[in-house]
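Per-chain residue numbering starts at 1, and chain names A, B, C, D, E and F are given in the order in which the chains are listed.
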């Protein structure tokens, strides 16, 4: 999606917007590419008009391979196919961040099973597939595309991660949180790793937020529901205000049991959007490079924290920045 | 619509947009209000989300009464109802202006006959109704709303103006220029004044542009098709480049015969979008104040020219600016 | 006034300013209109030049009815009549906000009794008059205009609120805080509700700031001085730094006794200017809709807090934002 | 004065302004300092508040010595003393540049004879005094200060130049163009060189603009009125549009007779404000360095032309740029 | 290089710069990628610090493959290795564009033969090598790297193009235009196509610019000097002002003889930097796709013209824009 | 140096930079001039190109006398002489500030003893020389220039202050922290006052930061090494995050023993760069005006704190601001 960002102001009185690209699953592959230096590609569809070409320009800047983007012919006004837009303001203090997505009838929401030749994607060497509940919620057919992709990935020996990432707006009028959870559970069964796993626990994503203290039990509950999943992970955030969050993370695997990441208190937040995706990117980087779950959790926590210190959905951090933060979170000057 | 404007750059590589409000019929009432000081209102519908509220903020700045806007409840992502977006770059030199509208499924396109109580609108004192081919092209139902409005206006003694204002993107896949012309002719029969009338002549709006020399004959042809119309008017533009246009206007009425407006050669253009609507506003102002067709044509020509000297769809001119331009088009300093 | 705002920098080294409109009493009616949805108008005077027209453009954006603005002919350089300018920087951390107003000889300061037909204003249905000590301090004649307005309002059955809102710069060389207090007390006797009432207590507005603990006694003292006033209200602010304030409010009425609003600690402040006016708007909204003093106090406290999270004098909040803050002040994301 | 500049937009709808410093006589000394490298100082007065300090910051950037600025204590709101403000938009095409000055009650307008120790100024080595009709029009006392300064300059052997520079807004209500001309003629008698001399000819500055063909006769007329003046000079401008001017200059002295400067046709104009002052700076530079009137005229013409190619009142040109333009006006790239 | 661009202002008084990437040879491959859709890569070297990473970010946005960039370890302050910076202002009217490059000791200037495995580059399928006189002028070793690359390209069957692109600053103190021409002639002998060929004619690049009328003879002269070159091409530009150029192009080959491209008179120029490179990209696209020299010349002329209508070194045009311009250069609106 | 500042973003993804001037020793004299009102000059060298002229423009704005700047002829591309550039981002929260200086081969680094006529500098009345370890680290010759200057200053009766101000990047490959300390100690022996003295203690500047508790002993150790120094001073900073620092200062002299400045906890930081230099300016101001070491320390601490509340290297504070902060650090509004 194209993110439109009014900076320190609000959408409703803006006279200008900065633009970024963003999207739950995309943000993860962008972080893996630009922060962690892995080659990544995005599988999506865009309407071929000036807006779609702007999104391409931003994705190119993100270093993400664009060869797997399907370009759909644009009708003049978006009657049949559009590009998604996401107006998001970052919030300040006790005024929370606020987003309005305008993403109906997007090209990507019309992706159907059979359109992507997943086997050739994985035959070309892809080692990891990341998808999740935002993509799966776009339409009934994208949920099936996600299943198709995960099945192909596992068949080809690639690792699969899934992040439920519940968005109320996508399920409004389509069954709400209950149907979202049902879909996520069905899809998560195809995943080796479930990130944002707490969204699947107990009453579901629109229940009260699960606390750090409740996380071990919640993981146990989810592990029972998803016997084929090797790793469960989650961020742990306490919103003191839009500008100050406590931030940590936790994970579980059969081998390690329950682990927690660095506990960062009082993190100053410039723009929190994308921090969960930043966490996912760091976690996957740690796992794909064989660093062990505890280190992966640290990478994820630190990268997610850095993503909150810059505007836009994506971090502007380097791996060196992540490692420096893990060594010393003081925010001292380097020159 | 919300207009997103990349300034001197292009949409496809923008990192920021200024925003304005705009729309063919709206621009006319805004010009009547802010340049010419008449009280005006807009009849439209908006989805009630942050984007719609931004459009409201811009309309309020435009001084246009918002009481007749219908606010439709927003679904989370624009599945059923949206607000229109219009990405437009202004062009430069031999690179023409370029627009991409993203306006399918808008609230206004879903307006249906019976939703607006037109009689009470006109009973409250409205003396003029302006509508046109952009609104009428949004959907089959908006064309009927236009008929309903024009019929009510005439019944209540208000004057009706109509501007065909052909937009290819709105008719793509719906019958194209031929069906547009058929619709415009059908609707224009309810109008006292047709602005942009040359679009109805001969082969229609996608034929070759009618020249100034051909205009008298074309007007005669249209007058024969629209026996109930008192006045036909048009702008006359020669695009030397995106930055330099020759600009004039012409009109016909039974009383006056064929008239031409001031002939402005080599007008420097900052942003041409909205200049036709600026012409309409000036023309209507002249007619509503009883200034006579020739003076009205001058007001329209001058106001349309001034609209090209500032960014955004609307002019930022005052009536005093319009009159000063008619007195002396030299562009000298005042201080 | 036109507010000129250097953003994160300082006036003395600025190379650009954003502009907003602002003014103590105006900010209240703007908040009532754009946040709370009530129809409001401003009674003021402006010099009719480009600066005045810019202020009008901003007031229109603010949704406030401009029909009661008196437009005074401008002399060329402001010898006789000007528009007020207010250069204000927002401060940061231990650098406080700083304002320089350039408001002598403004059109509004020259308003005289007899110029406004107050009876017709209230006959047209106005239910509430808000005025205060900034307007009254502009000149000897504006104090009398305030008396005239309040008298007319009460005669016509409208409620009257008054906010002393002491500005040292306006009384410099005219008797200072002592004369300001004398004037405010004289005028407040015409009010049903006095907001910012603590400024009238004890030694006056240039004495030490009255603490929350001292507020009940101070209210009792003021109530004795103003026997005709039904409600006294005040904000309670502790400035930890320009960027962090503790923020609450209190009120007194004979029926309810002393009440306090929500106690918001550690509110992050982007721009505090206008928060007191934001409080007044919320309070008045609560009272005018019959919500009760306690709820009105909560609306005022929340709206004033939100006004501190955006640049400019006015909040950019909606009533839904205010109510969401009262329900949960966590600053969590909505999307 | 502080110039507030809305860029490509208009004052009346601006949401931000860039700021520059400017003023007829000041612009000349700034040009002499930053373009031509001479040491210069400004004699003026400013109110000592944040706005005055911003003007100082801009003057320092201009390289002009600030030691002779009188700082007047500011009252809180500008009741007694203010700093001048100048809102100016640059115009575009057939929309002319437009300025609104807000300069009543400025500190400088209250300068009185006896406040500046002119003898010590010239004893310290000042070789040239430039003043003119803007300063002299601020008040009755500034005209006398100008006389005092010119008298002292001549007594001390410094050269004196005077530029009538008629501003209608300053004489509105004070006798208009007729009294302006009378004042200018009275003061110009103290000058060795009169720049902008055509403003003194025939019917005065609000008559029709004197054409290039009429200039020789007009100079002869003025020379007869000002027998003590050695040199008369003027710019010659034809405004084709706000964006395109023809630009030249002419001068007369007893030794050389009538001379014309380079004839620059079709000069593209970004912001014309200050070009006349730029002409004065180049002319004075040529004369002070003994380059001869013809060369001085060329410097003036070229520097004034370059001042029109950048925003703000002052040129951003170097002497090398001026000389390059005189050698080749093609606008070719250098790299 | 990182280009720093002060927008409509000048470097010497800027308070901010936009940044773009640019460089003679790079601009060509970027144009081939983003306008014409061919896969391209840049062979260069960058110092591995934040500045280098910013250049990478811009190159990624440019869609150009970064795999062949050599990253040199940065010393702290650029003692041994730097990234090139190019401060360039665009000019306006009779003020020409002006550039100051700060490019000594760059990583790329230290490239030496043997560091790039050219055979593997071409074995991977590269069909075209473009290099030129900017790269070759960076140091004695880069000239040899250019020879090495061109030799390898031809050995592997790739086509070679060379653009002398004389920059006086690079040869200052190293033999000037004479030695530049000698180097360019020596290197051009390895090229199939020489773009910007007129720089090699007659007295060399610092002589008077060769006119369109002289071009056929000049081509004949160069063809005699470069018997192995198949095609000679050049832009033909007449600088009317920095804002208006006449623009065309010419080419010669043995098969076609002398050909000229579209003759675009009075092209409005926003930023001319990079237009020659834009010409090269269009020409190469035409040739690589087998469109014939005449068509290739048209693509080059149109793309170069479009590059002048946007800021930055690169065009923001699409191939569709190029083709539309060739069909109709009127600058009309599309919407 | 020219400082390039990406605002709230990061260098590596910036599309624009604000520019400021900065440099350790320069920042001190700028603070003395603009905040404290003393006349100051900078002795340095610049390459005479557009970049150098931009630095001059910024220094002029800084009010610092430019007469002692040596202008070196620029070669075209910076082969022999350049101007220093400093890309610095301010950091946010747990992302620290980050700087990359590009300052090799600068004109100033090539200053040699004998080039500046120091005796005439001091004969003209200079009462204080401030220099330090950044200048001394630029090259072997600048260290000798520093010695030359300090020797001349003492010979002429001026006070000398020295600030080691260790920058790892300047000593990389030249002996590192050990050689830096050796140089600093050798030079500091020529100083009356050593600011930033803790950098000379114990293991040197790359050891662990000395705590407030250790400062008295460290001062004692340094005093023993520098018997000729009258005063030692230091800032005391605890970085809680890039956005929040605890900030104080300490000093020692034989007369006063160990003293500490105001202890400012939880200072909100917008841009910390230049705060140490701001401290030095305040300290020197206090000492030069004979205010006593304790008061001087307070001035330094407050001015350094204010420097952190605005962007850029320099404070934008006035002496009145400093004194107001010492009277009340609450950050309350003034208007």
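In this section, a residue touches a chain if its C-beta (ideal position, glycine included) is under 8 Å from a C-beta of that chain, and two chains touch if they have at least 3 such contacts.
Keep in mind that this is a model prediction, so the values were computed, not measured.
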For this session: Moving only to chains each one touches, count the minimum steps from subunit A until you reach subunit D.
Result: 2
For this session: Mind checking subunit A against subunit F and telling me if their interface is mostly the same residue numbers on each side, over half, or mostly different?
Result: different
Exercise. Among A-E, A-B or D-E, whose interface repeats B-D's (more than half the contact pairs identical)?
Worked result: D-E
Seminar exercise, completed: Between A-E and C-F, more C-beta pairs in contact link C-F
Exercise. If you average the CA atoms of subunit D and of subunit F, how many Å lie between those two points?
Worked result: 40
Problem set entry | Computed distance of Cα centres, subunit F from subunit E, in Å | 43
Exercise. Taking each chain's centre as the mean position of its Cα atoms, how many Å separate subunit B from subunit F?
Worked result: 61
Exercise. For subunit A, what residues touch not just one other chain but two or more?
Worked result: 10, 12-13, 15, 53, 57, 61, 98, 100-101, 167-169, 318
Problem set entry | Chain contact graph, described as a line, ring, star, complete graph or other shape | other
For this session: Go through the chains and record each pair that touches.
Result: A-B, A-C, A-E, A-F, B-C, B-D, B-E, C-D, C-F, D-E, D-F, E-F
Exercise. Hey, which residues of subunit D end up touching subunit C in the complex?
Worked result: 4, 10-19, 49-51, 53-54, 57, 74-80, 82-83, 85, 87, 98, 100-105, 168-170, 172-173
Exercise. So in the complex, which bits of subunit D are touching subunit F?
Worked result: 53, 57-58, 60-63, 318
Seminar exercise, completed: Listed in rising order, subunit E residues that touch subunit D in their complex are 8-10, 12-13, 88, 91-101, 167-169, 239-244, 272-273
Seminar exercise, completed: The subunit D residues in contact with subunit E across the complex are 61, 264, 266-270, 305-306, 308-311, 316-318, 321, 325, 329-335
